[in-house]
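Next come two complexes, and both contain chain A; in the first it sits with chain B, in the second with chain C.
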Partner chain A sequence: MGALVGRAALVLALCVCVYGIGASLYGARTGRREWVDSGRRSVYALAFIVTVAFGILELAFLRSDFSYDTVANTSSLTTPTFYKAAAVWSSQEGSLLLWLLLLSLWSSLAIFLTRKTLREVVPYATAVLLGFGAFFASMTVFLATPFATTHPAPTDGAGLDPLLRHPSMMIHPPMLYSGYTLFTIPFAFAVGALITRRIDAEWIRATRRFALASWLFLGIGILLGARWSYAELGWGGYWGWDPVENAALMPWLIATAFIHSIMIQEKRGMLKIWNASLVLASGTLAILGTFLVRSGILQSIHAFGASTLGTPFVVLIVVLVVGSLYLVISRREILRSENRLDSLLSREAVFMLNNLVLVGLCFVIFWGTFFPLISQALTGSKAAVGPPWFSQYTVPLALILVLLSGVGPVIAWRRATPANAKRNFRVPVLAALGTLVVLLGFTHTSSKPFAIGMFCAAAFVFGSVGQEFWRGIGARRAMSDESPPAALISLVRRNRRRYGGYTVHIGMAVLFVGVAASTAFQHVSDVSLRPGQSTLVGGYRYTYEKATSSVISDPNSTGAILTLGAVMDVTKHGHRVAILTPSAGYYPAPDTSQGPIGSLIGGETTAHIGLQAGLRRDIWTAVQPDIDPLQPLITQGNKLVPPAHPEYAFILLAAIAKHYVNSSPTASFHLMNSPLVTWIWFGGFIVFTGGLTAMWPTGGQRVRARYLARVGRDLQRA
Partner chain B sequence: MTVIGVLVVFALLGGVVWIVGGPLRAAVGTREAPDDGRAALEAARDAKYREILDTDMDHRTGKLSDDDFHELDRQRRSEAVEILRRLDELD
Partner chain C sequence: MSPPRKRKIRLVTALSSAVILATALIYTSFTAASPTRTPSQLLAGARAGQSYELTGTVVNNSITRSGDTTDFRVADRAGTGVSVPVTYSGSVPSPFREGREIIIDVEKQGTGFVGQSGTLVTKCPSKYAAAKTGSTPY
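Presenting the complex of A and B:
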C-alpha cells in the first residue's frame, strides 16, 4: 500500500507543480489575485505531498521493508537503526526525493515570508520554484522512482555502504541539499525581479536574506563533509579537490561574493548587472553541483555512479544559462549603475577586489573540476588535474582573500582619507609584522612561505577586527555607560549585520590558519608493525601495543560483523600523549558465495580511525589488519558450519578473531600528526555563528523610530 | 490493502484540491490593486536608515573624519528625506 501511495503522491506532486506554474503565471499576467494565491498554495501543497511520500519511504527503511528496491539496495537487517534512517538519502532515488522535499519546504517558507511583499515578483518566483519542483518530481516519477518494488521481497538487503556509516551522514546531506535548494530561492526571485523589472530595495532585502541562508547551510554541509572525510575515509585529509566537493564549493564562493557586492548595490546603487549575474550563477552552479553528484560524468567518491539522469540535467542547465543570459542582457537598461566608485581607498573598492578574487577562485575550481571533460573534448583522452594543481592557484588567492577580509572592516564606505587609513591600519599591520618576527625568529617555519603568509594575514585580520570590536565597545560605553561585556552584547545586537560579518571574517581567518598549519606542517608515515614494535613520526613515538577484535558487538556502532583493531600507544619524549584504538570493520557480502563465515565478512571493509584531537595538534591513526593468514581458517571453518545451523558461523568467527589477536599479527598503519586541525572546525563554528548573527532579523523598531523622528525633523526644515 | 491505498490517494488528491482551490472558491474575479511601489520605498527607507547608522558607526570607530562624516551624514539624511517625501506622496 505504501509504495502505491508514494508513487501516486509523486505523480500528484508533479501535477501540482505544473498547475502551480500555470496558475502563478496566469495570475501575474492578468493581475488576478486568486490565481496568484492558488499558485502560492501549490507550493504548500507540494511540500505536504512530498512530506507524505518521504515519510512513507522513511518508514519503509525503519521497518526494513525489502519489497522496496531502494531499501533492499541500501539497507539491511544488520544496519543499525540510526543508519537505517539516514540510508534514505544514500541512494540516487532517495536523495532525489530528499532534494524535492527540502526544495518544497524551503520554497514554502520563502513564499510564506514574502506573501505580503514583492507582489509583482513573487508569482514569477513561485513559477520558477515550482519549475524546479516539476523537474525533480519528474525525475522521481519517470527516471529514478524511490517506490519501485519487487515481489516476493528479498529476506535481507545489501546494507548501507560502510563508508556512509558515520554520524555526520545523518546531517551532512540534508545540510548540503538545504544549501543547494536554498540557492534556487534567490535565483527564482532574481528571475522574477528581472522579468518584472523590479530590482529595487525590497528585492535586495529579501534576496540578501535567502542568499545568506543558502550560504550558511551549504557552508555547514561542506564543513560536515570535510569532517566526514577526515574521520571516515582513512586517508586523513579533509579536502581532496574531489569534483563533488568542488561542486559544492563553487556556488558557495559565488554566494560569498554576492553577499558582499549586494551591499554595494544597497548603499550605492552600483554593480546591478554584476549582482544579478552572481545570483543567477550561484543558482545555476547549485544545479550543476547536483548534476555532478548524480550523472556519474566525473569520477568521485561522493557520486552515485553512472545513471540516466545526465541528459535531463544538461538540458536544465542549458535552459538556466541561456535564460539567465537573456534576462540580464534584455534588462541591461534597468541594471545600469546609479553611481560611480568615489575612491579606490573605500570599502566598495575592497569589496570589488574581494569579488574578483572569489570569482577567480571559482573559475580556477571550475576549470580544474571540468578539465577531464575539457581535455577529452580537445584531445580525446581524459586527463585529470590533482590537488597540487589546485593548490598552485587557490593558495595565493586564498591568501589575498584573507588579507582583504582584514582590510574591509577598517575602511569606510565611499572614501577613506590617508590619515584615517594610517590610523586604522596601524594595529593590524603591527599584529602581522609581530607574527612574522615571532615565526621567523623563534620557530622553524621559514621553509613554508605560504603558511607564514597565511599566519600573518590571519594576524592582520585578528588585529583589524579586534580593533573594530574594541572601538565599537568604547563608542557604546561612551553613550550608555555599560560594562564592557554588556556593551559588547548591545553593540552586536544593534549592529548584527556589521558585527556578524566581522565574526565571519575572524572565523575564516581561524579556519585558514588551521588549513595552512595542518597542510604545511603535517607529518605522515605508512608503516607495517607487529605488536610491540614502534615507529617515530614527527617527534612522536607510535607503539603498536596489541591487536583487538570483536564479533557482532561493533565498538563503533556501525553494524560491522567483525572488527579488528589495534591499541596504539603514542608518546613524546617518554611521556604518554594518547592511547588510540583504530580499527577496521568488516561487513557481510551481498551473497553467500564465500561460504557461511567468509560471507559474513566478505563485503566492504572500512577504517575507523583512532584520533586524539587537540587545540594544538591532532594525533591520527588508521589501521589495515593483514587478514590473509586467517583465510585458511575461514576456508576450514566454512566446511564445519552445518547448513541447518548457520548461526554456528558466528561462533567460529569469534574463534578466528581470537586467534588473530593471539597470533601477534602484522598490521599496516597510516600514522599522522597534524597541527591545528581543530582550528578548522572551530573556525567553521565561528563563521556560522557570525552568519547566523548577520542573518537574524533585526528588531529595529526603536532605532527606526529614533531615526524616523530625526529624519522627520529634517523633513520639516526642508 | 490496495483499496485502502486507493482511498488514501483519493484523500491526498482531495486535500490538495482543497488547499490549492481555496483562493479560487473564496474570491472569484478579484483584481489585484496595481503596485504603487510603497513596499519598495519602505525597503529603500529602511536601507537608508541602516546606511545612516553605518556612517555613524564608521565615524565613532574612527574610520571617517569629522568633516567627511558631516558631509556624508547630511547627504544620506537628505536622501532619506527624499524617500519619506515620496512615501508621503503615496498617502
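Presenting the complex of A and C:
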C-alpha cells in the first residue's frame, strides 16, 4: 500500500513540475500574476509531495519492510537502527529521491524569500528549478524507482554495507546533496535575469546567500567525506583525487571564484559576463558532479558498475551548456562593464587573479578527471593520470591562492599607493619572513620547499587578517570605549559579511597548513607483527601488546558478528604516548554456502582504526588479522553445528575467537604518524563558523542604504 | 602609454601565459598518464617497465597472503575467463576481497605483474546496488 502511495506521489510530483513550468512561463509571458503565483505554489506542492514520498520510504526502512527492493538490498534486521535510517540514501534510487527532496525544499525557501522581489525574474527561475525537479522526478519514476516491490517479501535483507556504517553516513550525503541542489538556485536566478535582461545587482543580492550556502554545504560535505575516508577506509588518506571527490571540488572552486567576483560587480559594476558565466558553470558542474557519481562513466571507487542513467544526464548537461552559452552570448551587450580596471595593484586585480587561479584549478581537475575519456577520444587508447600529476599543478596553485587570501583583505580598492601598501603589508610580510627564518633555522624542514612555502603563506594570512581584526577592534574601542572582546563581537556583528569572510580566510590557511604538514612530513609503515614484537615508525615505537576478540558485541556498534583486534602500545623515548585498539569487523555472508559458522563471518570485512588525534600529531593504526590459521577450525566447527540448533554456531565461533587470542597470531598493520592532521578539521570548523557568520541575515540599515544607492545608480544608467 | 594600449598588452600577456600553461598541462597529462588496461589487453601486449592502470575483478580463491605480500589474480570484468597474476606489497583496503572490482597500477615483471604500493583501490560497495539483479526496472 505504502509503496503504491509512494509511486503515485512521484508521478504526481512529476505532473506538478510540468504544470508549474507551464504556469510560470505562461504567467511571465502574459503578465498574469495569478499564473505566476500558481507556478510558485507548485514548488511548495512539490516539496510537500516529495516529503511524503521520502517519509514513506524512510518508514519502510525503519520498519524493515523487505517487500521494498531497496530496503531488502541495503538494510537488514541486524543493521543498527541509526544506520537503517541512513540507509535510505545508500542506494541509487534512494539518493536520487534525496536529491529531489533537497532540491524541492531549498527551492521552496528561495522562492518564498523572493516572493515580493524580482517580479520579472522569479517566474523564469521557478520554471528552471521545476525543470530540474521534473528531470529528477522522471528519473525516480521511469529509471530508478525507490518503490519497486517484490512479493512475497524476503525474510531478511542484505544489510547496509559495513563500510557505510560510520556516523558520517548520516550527515555527509545530505550535506553534499544540499550543496549540489543549492547550486541550482543561483543558476536558476541567473537564467531568469539573463532571459529578462535584468542584469543589475538585484538578482545577485537575492541569491548571494544561496550561493554562499551551497559553497558552505558542499565544502563541509567534501571535508566530511575526507574525514570519513581518513577514519574508515583503512588506508589513512583523506584525499585521493578520485573522480567523485573531484566532482564535488569543481563546482566548489567555481563558487569560491563567484563569491569573490560578485563583490566587484556590486561595488564597481564590473565583470558581469564573468559572474553570469561562473554561476551558470557552477550549476552545470553540480549536475555534472551528480552525473559522475550516478553514471559510472569513469572508473572510480564510487562509480556505479552498471547504470542506465548516463544518457539522460548527458542530454541534460548538453542542454545546460548550450543554453548557458546562448544566454551569455546573446546578452553580451548588456553585460558590458561599467568601469575599467584602474590598476594591477588593486583589490579588483587581486580578485581577478584569484578568480583566474580558481578557474585554472578547476580546469586542471576537470582535465585530469576526464582524461580517460579525452585520451580515448584523441588517441584511441584509454589512459589515466594519477595523484602525482594532480599535485604537480594543484600544489603551486593552492600556494598562490593562500597567499592571495592574505593580500586581498588589506589591499586598497581601485589603486594601492606605496604609502598604503607599506602600512598594510609590513605586518604580514614580517610574519611570513619570521616564519621562514624560524623554519629554516630551527627545524629540519628545508627539504620540503612547498610545505615551507605554505607555512609562510599561512603566516602571511594570519598577519594580514589578524591586523584587520586588530585595527577594527581598535577603531571600535576608540569610538565606544568597549572592552576588547565586546569590541570584537560588535565589530563582527556590524559587518558580518566582511569579518565572516576574513574568518574563512583564517580557516583555509589553518586547513592548508594541516594539508601541507601531513603530506610532507608523514611517516607510514606496513609491517607484520606477532604479540610482543614492535617496530619504529618516524621515531615512535609501536608494540603489538596482545590480540583481542569479541563475538556479537561489536565495540564499534556497527553490527559486526566477529571483531578481531589488537592492543597497540605507542611510545616515544620510552614514554607512553598512546594505547590504541584497532580492529577488523567481520560481517555475515549473503548466503549460507560457507557453512553455519563460515557464513556468519564470510561477508564483508572492514577496518576500524585506532587513532590518537592530537593538535601536533595523529597516531594512526589499522590492523588486518590473519585468519587463515582459523580456517581448519571453522571447517571443523561447521560440521559440529546441528541443523536444528543454528545458534550453536555462535558458541563455537566464540571458542574460535578465544583460540585466536591465545594463539598469539600474526597480524599485518598499517601504521602512520602524521603531523597536524587535526588542523585540517579544525580549519574546516573555522571556515564553517566564518561562512555562517557571513551568511547570517544582517537586516542592517547600512546595507540597505548601500543597496538602494546601487539600485539608484543602475536606474540612472538604464 | 595610453590606457587602451596598456590594456591590450595586459590582455595579450594574460592570454599567452594561459595558453602556455594549458599546453604544459595537456602535454604532461599525456606523458604522465598510465594506459588503462583490462587483463586480456595486458596479456595481449605489455611492455616491461611501463606502468599500466589495471581494472578487473579479483578471481575467487586466488588470494594468498604471506607477510605483507598479497598475491591474487585479476580477471576481465566482462567475464571472459582471462586473468593475470598480481603481487602487491603493503596493506590492502578493507573492501578488497574475492569477486570485487579493483583498480591498481601495475608493472610487468617476468611473467607476472607487480602492483605499485598505495595504488590499489576497490570500488566503493555502496555503489553496487545498480548492478544487482532484481525486480527493479533497469
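Going forward, the second predicted complex is superposed on the first by the 698 of 718 C-alpha atoms of A that agree within 3 Å, B and C clash if a C-alpha of one lies under 4 Å from a C-alpha of the other, contacts with A are read in each partner's own complex, and residues count from 1 in each chain.
Rule of thumb we're sticking to: contacts are C-beta pairs under 8 Å (C-beta built on N, C-alpha and C of every residue); 3 or more make two chains touch, one makes a residue touch a chain.
None of these values were measured; they are calculated from a predicted model.
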Record, for the superposition on chain A, whether partners chain B and chain C clash or fit.
fit
After superposition on the shared chain, which partner residues are touched by A:A607: those of chain B (first), chain C (second), both, or neither?
second
Quick check for you: in the superposed arrangement, does A:H645 touch first (chain B), second (chain C), both or neither?
neither
Once the structures are superposed on A, label A:R530 by its partner contacts, choosing first (chain B), second (chain C), both or neither.
neither
Arrangement angle, chain B at one end, chain C at the other, chain A at the vertex (C-alpha, nearest 10°):
140
Between chain B and chain C, whom does A:A383 touch in the aligned arrangement: first, second, both, or neither?
second
Regarding the shared-chain residue A:R336, is it in contact with chain B (first), chain C (second), both, or neither?
neither
Chain B versus chain C as contact partner of A:Q92, first or second or both or neither
second
Chain B versus chain C - smallest C-alpha distance in the overlay, whole Å:
20
For the complex, which residues does chain C have touching chain A?
3, 7, 10, 14, 18, 21-22, 25-26, 28-30, 32-36, 53, 55, 65, 67-68, 77, 89-95, 97, 101, 103, 105, 118-119, 121-132, 134-138
Any idea which chain B residues touch chain A in the complex?
1-2, 4-6, 8-9, 12-13, 15-16, 19-24, 26-32, 34-35, 37, 39-44, 46-47, 49-55, 57-58, 60-65, 68, 72, 77-78, 80-81, 84-85
Which part of chain A faces chain C closely enough to touch in the complex?
69-70, 73-74, 90-93, 143-145, 148-150, 161, 163-164, 233-235, 240, 242, 296, 299-308, 340-341, 344, 356, 360, 363-364, 367-368, 371-372, 375, 379, 381-386, 388-389, 392-393, 526-528, 584, 604-607, 622, 624, 626, 628, 668-670
Could you list, by residue number, the parts of chain A that touch chain B in their complex?
1-2, 4-5, 8-9, 12, 16, 19-20, 23, 27, 31-38, 41-42, 44-45, 48-49, 52, 117-120, 198, 200-205, 266-267, 410-417, 419-420, 423-424, 468, 471-472, 475, 495, 497-498, 700, 703-704, 707-708, 710-712, 714-715, 718
